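As written, the chains take the letters A, B and C, and residue 1 is the first residue of each chain.
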C-alpha cells in the first residue's frame, strides 16, 4: 500500500494541531487562576484537577490495559498516608505530596507482579482485598490512631491564601504531568503495544508484544496517579481519616467518570471528570439520591453506551482531537479498513479516528 | 492451649457461613463465567427484607424465608434477563462494571430506606442466637453456628445432587461447558442461565438470613460480604462446590485465630491468608509449568 | 410440499459472506450429501438450517412453516437436529448424561436411551465414562446418538468421518445405513466423495457459497462432481434434480 502515491498516513491532522495548541493555551490560562479567582473557586478547580487525574489514570488501567480495578482506593489512601508520614518526618509538605506518590508507585511494582496474574473479575475484587488490607494496616500506625485519623498539620506553615494557591498549582502541575506522561506513553511503542493488548491480548502476545511488561507499566502509572490524587486530596482536606481515603466510593467515582466520558479514549476520561465535577456541584447536596443516580448512570452506560459520550461523539462526527491515532488518507472507500461494530468494550475502537 | 482449640472450632463453624455466602458467587462464576459484584449487596437486601417481615409483621425469620427465598429467585431471574445477560454480550469488562454500578444503587437505596442504623435478626430468634452446647469449660459450640454449618453442608450437597440428578441441573452444567452447543440439542441457554441465577440468589437469600441472625448489618455491609464470599470461593478453587466449604473454613479459621492475636487481627489475617493462598497457587502453577517444560525438554 | 425448503439464503460471518443465494429443497425420507472444498459454505449452510447461525437474507421453511428467525433450541423442538462439526460433546459429562440432555426438547418418538445403545453397541460399556475420555469413534457415535435422542424429522450430519480411523468410519456409516433405510431424512456433509455418492440419494455440490451442481445418484458422474468441486464445471450449468 505504501507504494500507492494516493495513500498518505497522517498523524498530526489540522484538527489535532489546533487541539494541542488550544490545550496548551487553556493550561496557561488556568495557571494564572489564583491571581483572579477567590479561594472558593480555586478549591473547586483543584478538586476538578484531582478528578481528572483519577479518571485519566483509571481509564489507562481499564480502558487501555483491560484491567478493571475496584481497589484503586488502595493507592489513593496510601498516597495520602505516605504524605502524612513524610511531612511528619519533617519534609516540606508539597515535596511530601509528590514524593509520596513516587514511593507508592514503587510499592505498587511488587504488588503488580502478583495481581496482574489475576484476570477479569478476580483482578477487580482482588484489588479491593488489597485496598481493605492496606486500610487495616494503616489503621495500626500509632500516628493515624485507627479510624480517628490525623491531620497534615505542617500545612499551617502557610497562610490560607498561599495554601490555596499552592494546592491549586501543585494539582494543576500534577494533572498536566499525568496527561503529558500518558500522551507520551500512548504515542510511544508502548502505546501501540497497549492498543494491541486491549484489542486482543493473545494475538498481541503471539506477535511478540511484551504483554506482562506493558501491563505492568500501565498498572504502576495508574497507582502513581491514584496516589498523587490521594496526596493532593489530603492537601485540600487537611485531615486524614483512613475510612474516607480507603473507601470504595472513589472507585465508584472513577468508574462513573470513565464510563460516562468514554472508556478507552484519552479525551473521554477528561470529559468524564468534567461532567462528574459539574454533577457533583449541582446534585452533590442531594445525598443518597445523588449516589443512587451515579450508580444507575454507570449501570446504564455500561449496558447501552459502553464507549461513553466521547466514543459516541467520535463515531458520530469523526472527531479526533489528539494525534494518538493514525488517519489514512486517499484510500478508495471500498477497501477502507472497517472497525468491527460489535458494541463491546473488548474490541474498543482504536484511539483517534480509524 | 484450649483457647486456641476453641478458636479453631469457632473458625470452622464460621467457615460454614462463608461457604453459604460463597457458593452462590462460585456457582454463578462456574455457570456464567462472571463475578457478580452486587453479590454481597443482594445478601443485605435479603437480610433487610427478613428484618422488615420480622419487625413489622411479626414473622419468625425462618418462616419469613418462605416469602423471601421465592422473591430472591424471581429477582435472580429478572436480574439475569435484564442486566447480566446483556452485560455478558459486551465482553469481559462490562459485567464487572454493570454489577458494580448495581451494587452502588442497591447499597444506597437501602441507606435511603433504612438509614445508617445497624440491624440484626437476633432478637427475633430468641435463645437460638446465644444458646450453645458446652463441651468443656473452654470449648463451646453455638447452636446457631452449628445450624449454619449444617445448612452449608445441606445446601452444597443439595446443589450437587441437583446438578447431577435433574435435567435442569444437567442443562446448567452443559451450558456452563459449552453455551453455544446446548441450543443444538433443544436447550434454551438463556433460560438455563436465568434459572441458574435464580438458584444462586436463593442461596444468597439464605446467606443474608444467617448473616442477619449471627451478626449486625447495615446498608453498606454488602461490600465486606462480597469480599468474604470471594475469598472463600477463591481459596477453595473458584467453581468447585465443596471447595467453597474448604475455602470458607480456611478463611474462618484464619480470622478466628487472628482475632485471638489482636482485635484487628480478625480481618487482617483473613486477607493475608487469602493473598498467601493465591500467591502460593500462582507460584505452584509457575513451578508446575517450568517442571513440565523441563520434563518435556529432557524427554 | 418438501420437508425443508430453503430460498435465496444468505449467511454472513461478519464481512465474509459464507452462503450466497442458496436454494435447496429436501424431501421427506431423502438422503442428501453436501460436497465441496473447504470453505465452500457447507458447514455454514447446515448451521443455518439448524439455527446456529441466523441468516442475513432469504428464508427457510420447515414442514410448511417459516422458521428463518426461529432460534436453534426451538428448531430442535420442531424436529431438526445437527451433529456439529467436531462433535461438540459435553466432555465433562458422561455418555449417558450427554444423551439424556437431548431429551430437553421433549419430542416423543422411537429413539430412547435403550434404542441408542442398541444402535451403537460400542457405547454400552462406556455408558458412565466421561465423554472427553472416549475414542474418536465413540465420541462420534455419542454425538449422533445425542442428536437422535431429540427424535428428529431431519438429521444434519457435519463431517462425521473427520478425524476417525477408517475402521471407525466404517462402523459409523454402518449405523447410518440403518437410519437411511429406516426412512430418516438426512443431510450430510462428507469430504469423501466416493462414500458420499454411495449413501446419498442426491448430491449437492457447493463452491464459494453457491450450489454449483446438484443431481440424483446415478444421474451424475464422479467426474462431473469433481469438476464442480474445483469450479471447473460451472459452464456446464446445473443439472436439475
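Note that contacts are C-beta pairs under 8 Å (C-beta built on N, C-alpha and C of every residue); 3 or more make two chains touch, one makes a residue touch a chain.
Every value quoted in this text rests on a predicted model; they were computed, and no experiment measured them.
Traced through touching neighbours, the fewest hops from subunit A to subunit C number 2. Highest C-beta contact pair count among chain pairs: A-B.
Across the assembly, the mean Cα position most removed from that of subunit C is the one of A. With centres taken as mean C-alpha coordinates, the chain found closest to the middle of all protein C-alpha atoms is B. Averaging C-alpha coordinates per chain places the centre of subunit A 53 Å away from that of subunit C.
Centre-to-centre spacing of subunit A and subunit B amounts to 32 Å, using the average Cα coordinate of each chain. We define each chain's centre as the mean of its Cα atoms; on that basis subunit B and subunit C are separated by 44 Å. Across the assembly, subunit A contributes no residue that touches 2 or more other chains. Against subunit B, in their complex, subunit A makes its touches with residues 62, 66, 68, 70, 114, 117-118, 120-122, 124-126, 128-130, 132-133, 136-137, 139-140, 248, 251-252, 255, 259, 263, 288-289, 291-292, 294-300, 302-303, 306, 343-347. Against subunit B, the residues of subunit C that register as touching in their complex are 50-52, 71-74, 76-77, 81-82, 84, 88, 90-93, 97, 100-107, 146-147, 149-150.
Those residues of subunit B whose C-beta lies close enough to touch subunit C in the complex are 167, 170-171, 173-174, 177-178, 180-189.
Residue ranges of subunit B in contact with subunit A, taken from their complex: 29, 34-35, 37, 83, 86-87, 89-98, 100-105, 107-109, 111-112, 223-224, 226-227, 230-231, 234, 238, 264, 267-268, 271-272, 274-275, 278-279, 282.
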